[in-house]
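Here chain A shows up in two complexes: once beside chain B, once beside chain C.
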Partner chain A sequence: MRWYIPYGNPTYFIWLALAIIPLMIGLLYGHRFRGYQTIISLFFLILTFGGHNWKTGISLIGYLVYQLVLVWLYSTYRQRKETTNKGWVFVMAVILAIVPLVIVKVTPLFDAGRQSIIGFMGISYITFKVVQTIMETRDGMIKEFHPVLFGQFLLFFPTISSGPIDRYRRFEADYAKVPAQSDYLDMIQKGVRYIFQGFVYKFVLAYYFGTILMPQIQMRAMMAHGFSWNIIAYMYAYSMDLFFDFAGYSLFAVGISYLMGIKTPMNFNQPFKSKNIKDFWNRWHMTLSFWFRDYIFMRLVFFCMKHHIFKSRTTTANVCYVINMLIMGFWHGETWYYITYGLYHGFAMVINDTWLRFKKKHQKHIPHNKFTELFAIFLTFNVVCFSFLIFSGFLNTLFFAPKPF
Partner chain B sequence: MSVKKRLFMIFGPIFAAALLMLALFLSPLWSGFSHVNPKVDQNAASSLSPQVLKGQLIKSNALENGYVPFFGSSEWSRFDPFHPSVLASKYHRSYRPFLLGARGSQSLTHFFVMQSINPELKNKKAIVFVSPQWFTPKGEDPNAFSFYYSTLQTTNWIKQQNGSKMDRYAAYRLLQMPSGNSDKILAGALARIAAGLKPTSLQMLYVNLRNRILLNEDQIFSRYRIPFNNEETIAKNRKLLPATYNYPKLDKLAGQIGAEKTNSNDFQISNRFWNHRLKPHVKELKGFQSEMSFLRSPEYGDFQLLLNQFANDHTKVLFIIPPINAKWQKYTGLSAQMMARFDKKIHFQLQSQGFNHIDDLSHDGNVPYFMTDTIHPGWRGWLKMDQAIRPFLTQKVKAPHYKVDNYFYSKQWQNDNGSDGSFEY
Partner chain C sequence: MMDDKQTVLDILKDLTGEDFSDNLDEDLYSSALLDSMGTVQLLLDLQDKLGVQAPVSEFDRNEWNTPAKIIAKVEASK
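Showing the complex of A and B:
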């Protein structure tokens, strides 16, 4: 049997269209065919995790059972009246939730490039959802555990391979209700627009930058041996490819969710228009950066403040920025370039904050007009593109990896 | 607004776009739009790009404008001042090589490449560089075949095929490759061809439709996908050559450059190749080829496809049989006796069917600076080859008389190792 990368080729879209038309007709007339939705979800999961990929399908099932049991246990613990909300139990639960992901991320490090057998496409995105559910269960925001609903949330097929990362309470609310007809028509309109914008992004622009332009520049850069302008050209081409490919994918995921009557959050909001690096992270891979903000950065800050680890608020924030981004770097993979990428963004956030404070203090002397705004956009864009050059690993191939010829 | 009207406003444009797209890609009008900028032909001729190999427009356009197809594989990427493309442009030859093939492209790939340029091969000339290394026990690597596979060429061929032995064998071989099974309807048509039947009319409808769409796609876009430019490398190498062509003088220069570029090792292997590819493993490689044989291989059948197609097109072909770096051959234990038999076997398959233009260099493996690495010719090797290529392409060659023998498709021939002296011709 063939297998499909989600949104990878026209055939996948034809399957999608055929599968969700009945669902759409139902929604349009006030019904959500939940049983049918479960069946087509299974079908698309098999398309991606079946065929000669079946081993990852087994891993996915094993992973799912593990996490369901874990969240169920933790939820039961929290719901029991006689127990207190112990910190160490919570920490244990989070660690146990992350363990499979850590194993998958670390395996290639010990076994030269080999992939872990417990891995599957999208494991990190599901892990984010699990950890978030555990955290909100600890906070008492999520009061009940519904294994079926939770499973639907984790395995929601439009977003399974690379997000956007939805939140449990938001998803559950959407899933429980049927949108009013006029609202749903608006959703269809938006969904269709997103999907077609996705086509332009992924199959026209990303194809041009990634498949046509990049290999040529790459070749020239390799031929030049050492530093050359080609590296700069590569930096921009790679950045464009990264954006249009991922944003295109995200648009598909969000668009299909909308057609299914689920308002999966957006992932990108014109990131290259950002005026500073903080602005950038509010526009780039938003569901990931908000996840990191809410569940790592904020919690770190609270922890530091509660235990008075640093005297000043500024230091607390700065240290947390760096740790937050460093963790994001590690999440991307255990290579020097991902970790450097994380550190780079951490320090960029620190510098950005320092500058904004300085600017506020000396408001009278520092001009602010259309021109400085344009300059800020230009500067941010280049700082970001440079970070993507690090992220791409191309510098590694160019300067440290053994030459292929 | 009523629900119906809103739905129409949302989905109407999609249907309109789909119709427009179908009209665009099914339109027969594009075939008139076939001008290709000579600069694009020039870039494509030395690009070694799989895009060019898989396409149609650029190749056929170039072959109509003074380019000659040079079928081969990885040797074409060994650019130095004596590479055929450099010599042809430096000395303003009446022909320009159009390099076809790169690492991993073998006879079966080339058979399908020919399906995109058959009209341009009719009664014309071609060069084929036959690597002994193609003739391994498993033949062409399915992954390499997939890399160069073109549905456009396959559908071209299905449209033209007439159920001959060649067509049946090609279908049979294609079905052994994952590429041949990637499209279920095409696979069905192939199975029928292999069995000696005509594809069903429904299958042919699909083949024609696919072919039309792919042809239009190629016709519209391929000229703008200007491949990576080896022209710069050629220009750089051109500068190293003297203004006039004098074989003894050039041969001396080739020796000098070769000596300079191979001073890091005792095998006369180019420093770059040696340092990056061989030096780290040289100990493990001692004697590693002692069991290697190029005598039994499905490649012989695929090679027959190539010859058969050349015969059908009455193409005049010069076959080049390269040597192996003799020092390396000795070190790795590759049997000289086996290589001699290989040479005989290939000669037999060629000459018994009337392919008599053979530039056999198999004995030159010990000529200093003939090879650039282990199996690829360089400096003096390229130059020696030029002594055959130049007259073949610039002078008149008699019309060939080919007698195709289907025996060469048989398993018996593929597995014949010549122990009974059957290659004597």
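Showing the complex of A and C:
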């Protein structure tokens, strides 16, 4: 038996097709074979977390038990009639939920780059799901804790390694019902299209940019010692690779979900067509940016406005943008380039908002036409690609890391 | 009930600068009239002026995206 990264190679897809067909026939005739779905989920989890990866499998199980107990305890606390909805209990629950992730993220920093033993592929994506569930439990939107459903949600195998990040209430509603036949046929059509689009993205375009083009440019940039046009070429090649690789993966995850009758949300919506940076975050890694918007940004703004922390609305927005994006930077990893990437986007949002306000005020004097729109798209694209250059860590390799030769 | 409706419309007018009295089904998000900041402000205003306790989590953009839907939510919560 071999062990697979999800969607990593053709054999994985053959396994997928074989496993999913019975489920699809069931759905087509109005049944969701939940027991069967659980069995194939376990099978695919073992494919990824078993074999020589068994240690990460153990970590996954430990992590799952820990989070189930935590959410169960918090939910019980919230459901009890005699207790009030105390803020500190909620804060404790969130802290406890992110402690494992923080340990995993910080360990390489203190342990000479070694990975923590409690880590496993996809831990940060599961953590997002846990934290949002705790937050919605606090708000009273999730009223009961159902360990099996919650487990199904956390371990939904098509999205386990890198999202898209679904929402519990949405997922549970899909899982509980069987789509009408006509709806399901439509989902199959979409799912199949997504999967084929994913093949083109990941195995043709990302392969070209990432595996063929990038190493050559990288080599030339390294040989040039210092600044050269190769860095710019690398920036574009890396950006294309990042997009097609991740969007390709996401299309597989969404496509497979659709075939299973679950409408996992889309992750990308033509991000390079964005007219400004805010538009970009509504189109790029959407489930992550919406998660940050709904569970960090809006809550932070709500808190600040309610307690009148800042005098003006603009200041509130600006401070919250920067904090929001900075947290996202830290989430990516504890290196200067991830954190700079976060700050860069935070300030880009601030500048964007300032410009939009200015533009609104001077509407009459600022031209707005096809040409300015194209220019906006061009500018946004380059601002974004530059942020990916920071994100790639290549500048670190070029200028700060010990030279390999 | 009429008052609630008017209050919501006033709040929205303050936030977006537009009067929705004749446009109750305008999609506030797809027309970019409301963003996250505006949304939070809206929630706080609904809380202050109408006593509607709507947590941020409840704010499903597909359910609160038009003046008519917001008014319905407010009336339902009473």
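In this text, the second predicted complex is superposed on the first by the 404 of 405 C-alpha atoms of A that agree within 3 Å, B and C clash if a C-alpha of one lies under 4 Å from a C-alpha of the other, contacts with A are read in each partner's own complex, and residues count from 1 in each chain.
Methods note: a contact is a pair of C-beta atoms (placed from the backbone, for glycine too) under 8 Å apart; a residue touches a chain by one contact, two chains touch by 3 or more.
On a predicted model such as this, the values are computed, not experimentally measured, just so you know.
Asks: Given the touch rule stated above, what does A:F378 touch, chain B (first), chain C (second), both, or neither?
Replies: In the superposition, A:F378 touches no partner, neither chain B nor chain C.
Asks: Should A:D294 be classified as contacting the first partner (chain B), the second (chain C), both, or neither?
Replies: second
Asks: Answer with first, second, both or neither: which of chain B and chain C does A:W229 touch in the superposed model?
Replies: neither
Asks: State whether A:P215 touches chain B only (first), chain C only (second), both chains, or neither.
Replies: The answer is first: A:P215 touches chain B but not chain C.
Asks: May I ask you to decide whether A:F358 touches chain B, chain C, both, or neither, giving the answer as first, second, both or neither?
Replies: Neither: A:F358 stays clear of chain B and chain C.
Asks: Counting only touches as set out at the top, which of chain B and chain C does A:F43 meet: first, second, both, neither?
Replies: neither
Asks: Of all residues in chain A, which touch chain B in the complex?
Replies: It is residues 28, 181, 185, 188-189, 192, 196, 212, 215-216, 219-220, 402-405 of chain A that touch chain B.
Asks: Along chain A, where are the residues that touch chain C in the complex?
Replies: 135-136, 139-141, 278, 293-294, 297-299, 301-302, 305-306, 313, 316-317
Asks: Residues of chain C touching chain A in their complex?
Replies: 35-37, 39-41, 43-44, 55-59
Asks: Given the complex with chain A, which residues does chain B contribute to the contact?
Replies: Touching chain A from chain B are residues 3, 6-7, 10-11, 14, 225, 228, 272-273, 276-277.
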